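Working notes for the structure below.
Chain naming follows the written order as A, B, C and D, and within any one chain the residues start at number 1.
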């Protein structure tokens, strides 16, 4: 039982099969292969609009490279104080942007609040201050919640009013989408998103993310920045084919639905136990829950793998389900939790 | 027939098999998997000394990250004027080092000349000038030649005298090594190399290079720089296992020997044709050869794929063999060349 | 009446005279002049210890260059959320450090709180997070308050425990010192400070700040970073002589005492007026005070120059006194405030 | 006798007087003073066109900041291999541009050759290579020569054809202009220059250079980059007034004429001595001349100050005259040279 993260999962069999099938003979390097060449049209179909798509191997690279296309070096990027780009990328956005500033904003359940964004002083035109450039939100959020179409649109409206580009870190975009039940178009460009980092790694790829620009002007520098960042694979077919297989037959949506459903089961099974509090609504594939210390210890001692959150001293734990998490694992976990919950401390 | 580059090749079957075998169940992310954990000892055995090894997916990332560990932002890195890091990485070393200067030096057949290096004014301690930090050589070189142990040692001696670290871009290290017939230790740390970018992608991996530090002090910052550069895979096992399989049963050496032998065949077959001049000694898996324009055109029209070098107006072409190039392809190419060579222009 | 800032002031006559006296004949450039050569010993005397001193023309340059010597590119610098380096330097520290992260911390009256610093999670050794490198405090603070020796020592103790270097932005160091009545040594290196940006511009220089390293190891890269930043004057004597004249005959302390005393007068005169609230203790040369809107408008209409703080919508205003502010100006201001305070709104 | 550089000179009395006269009462900071406010119109008059002007204190800052406005981080700047920006600024252009590459080109007597520029492969659109962004020339050059209007126009024509912006490092622009006898407009924007770093420090200012944009679109980011670089003085009037005084009554041209004339005298006096070779045409205020070793030593021993060039082992020396060099000094130097020249070795 490993609920540490969705990135502990292996590669989906369908994607591994696609890698094997792409492994035939010579192919021109650096994206001049068939798989990469058809990515733009494949994603255009998915998003029902023209897009410019760049595959990269990691979410950190996707986010940092995308943000670097949205801000001058003296720019400000507004994000949630718990955003992955702010907390967990060792300064990659600062590195790729040439030192732009990420401005942390508060917000409930991991979500940016449009009103707070609106009221944040941004110093546009004031030479002493970094200049407003972009806003970044995470979909699904770091708290396992999902922005509705209306919520994204409300942030986009403030962003537009303040001339900020809107970036979405979609490391768990699939999980968000199946929760929302809307189209990819509705929750992205139709709601005002300029660029989406469309994650695949956490949901079954080996190492593949697509940076999807809905505004092609913003994409001009991307190819040079990607090469300069060392993120242009020579054998790029093996990255692109992962994305192709990920979309094929709605694999991505099926896998995300599976993971989301199991997260719901975990949450439903836990909330009835004594001393258990759900910390955030469970809308994607993550469960944040407060447990009695005795129960946390018992689960740890039983060999279940998960993280206390945000750190080792916390009473809150995070449970993440993946495309390959099984119903049995969830049932076994809940049985264990129930059993230790009933024991006297 | 595709002689454009060794990066047009697919993944070696042994490496693809290893990827499949690693695709079992959960594994802790970011290098806390078994494959990554045993890389240091596997490479230590190979190099007969303690090493600190970091896997990354591209050669550009390997070089740029390694160099960033060797130089202050105001440093100078001395390299050949045709070095890949100088010419072909869109400024990645400048990006990762924070703006250090790559100083291009001349040298025959792609090799740095220790005497030229010695005589280059470096302005150590002069505040107006970037400060000497490192020297970088490519093994095998961009001209398809190979530094002997004595040649590396001679450069290392100058480097040591000038307090420069010695970096080796080993995108084709395997090809160099089989040419030399020495041990990996002899041509690296025993000759004075501080850090080697040990390439695998061009010789059969999907996307895998190992940055091998022989001086562990230099490696301290690497993990942070790698994460910050977006080069730390979450599912790192799939990168590390490529390197493991690459070394297993001397796969890397067998494949490089094969490619080198075919490059020799190409060279031997071409040099007897009228108007053909070999431009550099063929010591690895690349052949640089001047051909009559009519012959180049004839080969192009016959559908053979290769690059004129250094650009489209050149009379010199570059032919690269890979682990998967076949004897038949080489024979067919030579037959074609011979046939068109005999035709009246 | 201009209370906008101490940087609206001219150059002190004594410093202008020193510039004239230095303007004789040739002097070797880039610091090889007599004025610069004796700076180290002059500051060593002042601080009663060996120091390494570098003159630069602006406070932003001083802070950003100093911080760049204290942190790796992937480092974190902890500072107050209202710190000048965080809010008012257009990202200069991020630029000079190569993208290190400034982490904003709360604290009353512009001061860092050692307990908050101690409890801030820093992720030392965690590859996903920027690495703890330095703490920066401002003396006097952006709220016009002054850290006591004990307060600096308490922060230094946490810093030491967490292996953070301690930087002080001393743009108004003179004002702080005369308030404290201690020696420069006591409030800096004896309390645990590693590097002080010793401001002179706001207190009477034309454009001169001294970066004072108490830890000479940290100073090694400064000269190269300064040159690279374009901050090494060729005719450096004209920068250094400002600092010499600033220290001569305790000019700096006299001028700061004068400014501080007038700030006290302003505060004392204002607090008895109806609807007036002092927002921060007045310990240096700045007064932050809440006034009735009618009174603010009346003062503005009377032509008094000052800033609403932190922005144009605020009811709080900031009044800054300088070495050249006169008693008459203060009296006239208070008379005006009193007069408009008594009027019916 | 100090012929080391024109930056060993003091401040011209007229400029010092202007500093004194600007030292009256309060003035709003950061350029909101009268002196700075009228710079644009003053320079517009001088250049007979609209310009956007920014004063900074050093030539390195002027060049690096200007270049940062002309290139993306992945850009290439073509310059002479002896250019100050390439050789003598400790990597400031790389720092300010975020790691753009300076590509060194050969050329006689310090001048870029338009034909060489035209033939330089630039890899426009090739993702592996830095992208052509700007060309930079130095006027007067590092060899003391001056580009004619036709020469600048020829370079500008190549630049335009290759979509490169044209930057001029005019640290000695005054010296070049008086040599040419044309208008400032003719040798700059009318010949195709986009931005000029208009030096004043070497020719009599304390620390003042003007970055003059003829293309205001390019200037948009300058103010933020300047602040971020720590180059926005708070008491900016004291920088701007230097430039005003420098232009007043053609002080700059008078001083440059004086220096140029004395350089001519030095050259004319030296070339008739045995064993003396003029290395470059003397067109500004620098003389590069090969002397017999015995003569160099004799001059050194007599206490004359100058540099062997390019380094201490050279037989070539550089003599620089300044606005304050006197006829007597030149006569005395020549007498000394003549005397030691006649002595048996």
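The rule is simple: a residue touches a chain if its C-beta (ideal position, glycine included) is under 8 Å from a C-beta of that chain, and two chains touch if they have at least 3 such contacts.
As the structure is a prediction and not an experimental result, all values here were calculated from the model.
S.K.: Quick one: which chain's Cα centre is the longest way from chain A's?
M.R.: D
S.K.: Give, as an integer number of Å, the spacing between the C-alpha centres of chain D and chain B.
M.R.: 42
S.K.: Once you find the CA centre of chain C and the CA centre of chain D, what distance in Å lies between them?
M.R.: 34
S.K.: Would you kindly tell me how far, in whole Å, the mean C-alpha position of chain C lies from that of chain B?
M.R.: 51
S.K.: Which parts of chain B, given as residue numbers and ranges, touch two or more other chains?
M.R.: If we look for residues of chain B contacting two or more partner chains, we find 73-74, 89-91, 95, 98, 127-128, 224, 227-228, 232.
S.K.: What topology does the chain touch graph have (line, ring, star, complete, other)?
M.R.: Here the contact pattern is complete, since every chain touches every other one.
S.K.: In the complex, go through chain B and note every residue touching chain C.
M.R.: 30, 72-74, 98, 127-128, 131, 221, 223-225, 227-228, 232
S.K.: Under the touch definition given earlier, write down the residues of chain A that touch chain B in their complex.
M.R.: Those residues of chain A that touch chain B are 2, 4-5, 7-11, 16, 19-20, 23-29, 56-62, 64-65, 89-92, 95-96, 201-202, 206-207, 224, 227-235, 238-239, 305, 324.
S.K.: Which residues of chain B touch chain D once you look at their complex with the stated criterion?
M.R.: Going through chain B, the ones touching chain D are 73-74, 87-91, 94-95, 97-102, 104, 121, 127-130, 310-311.
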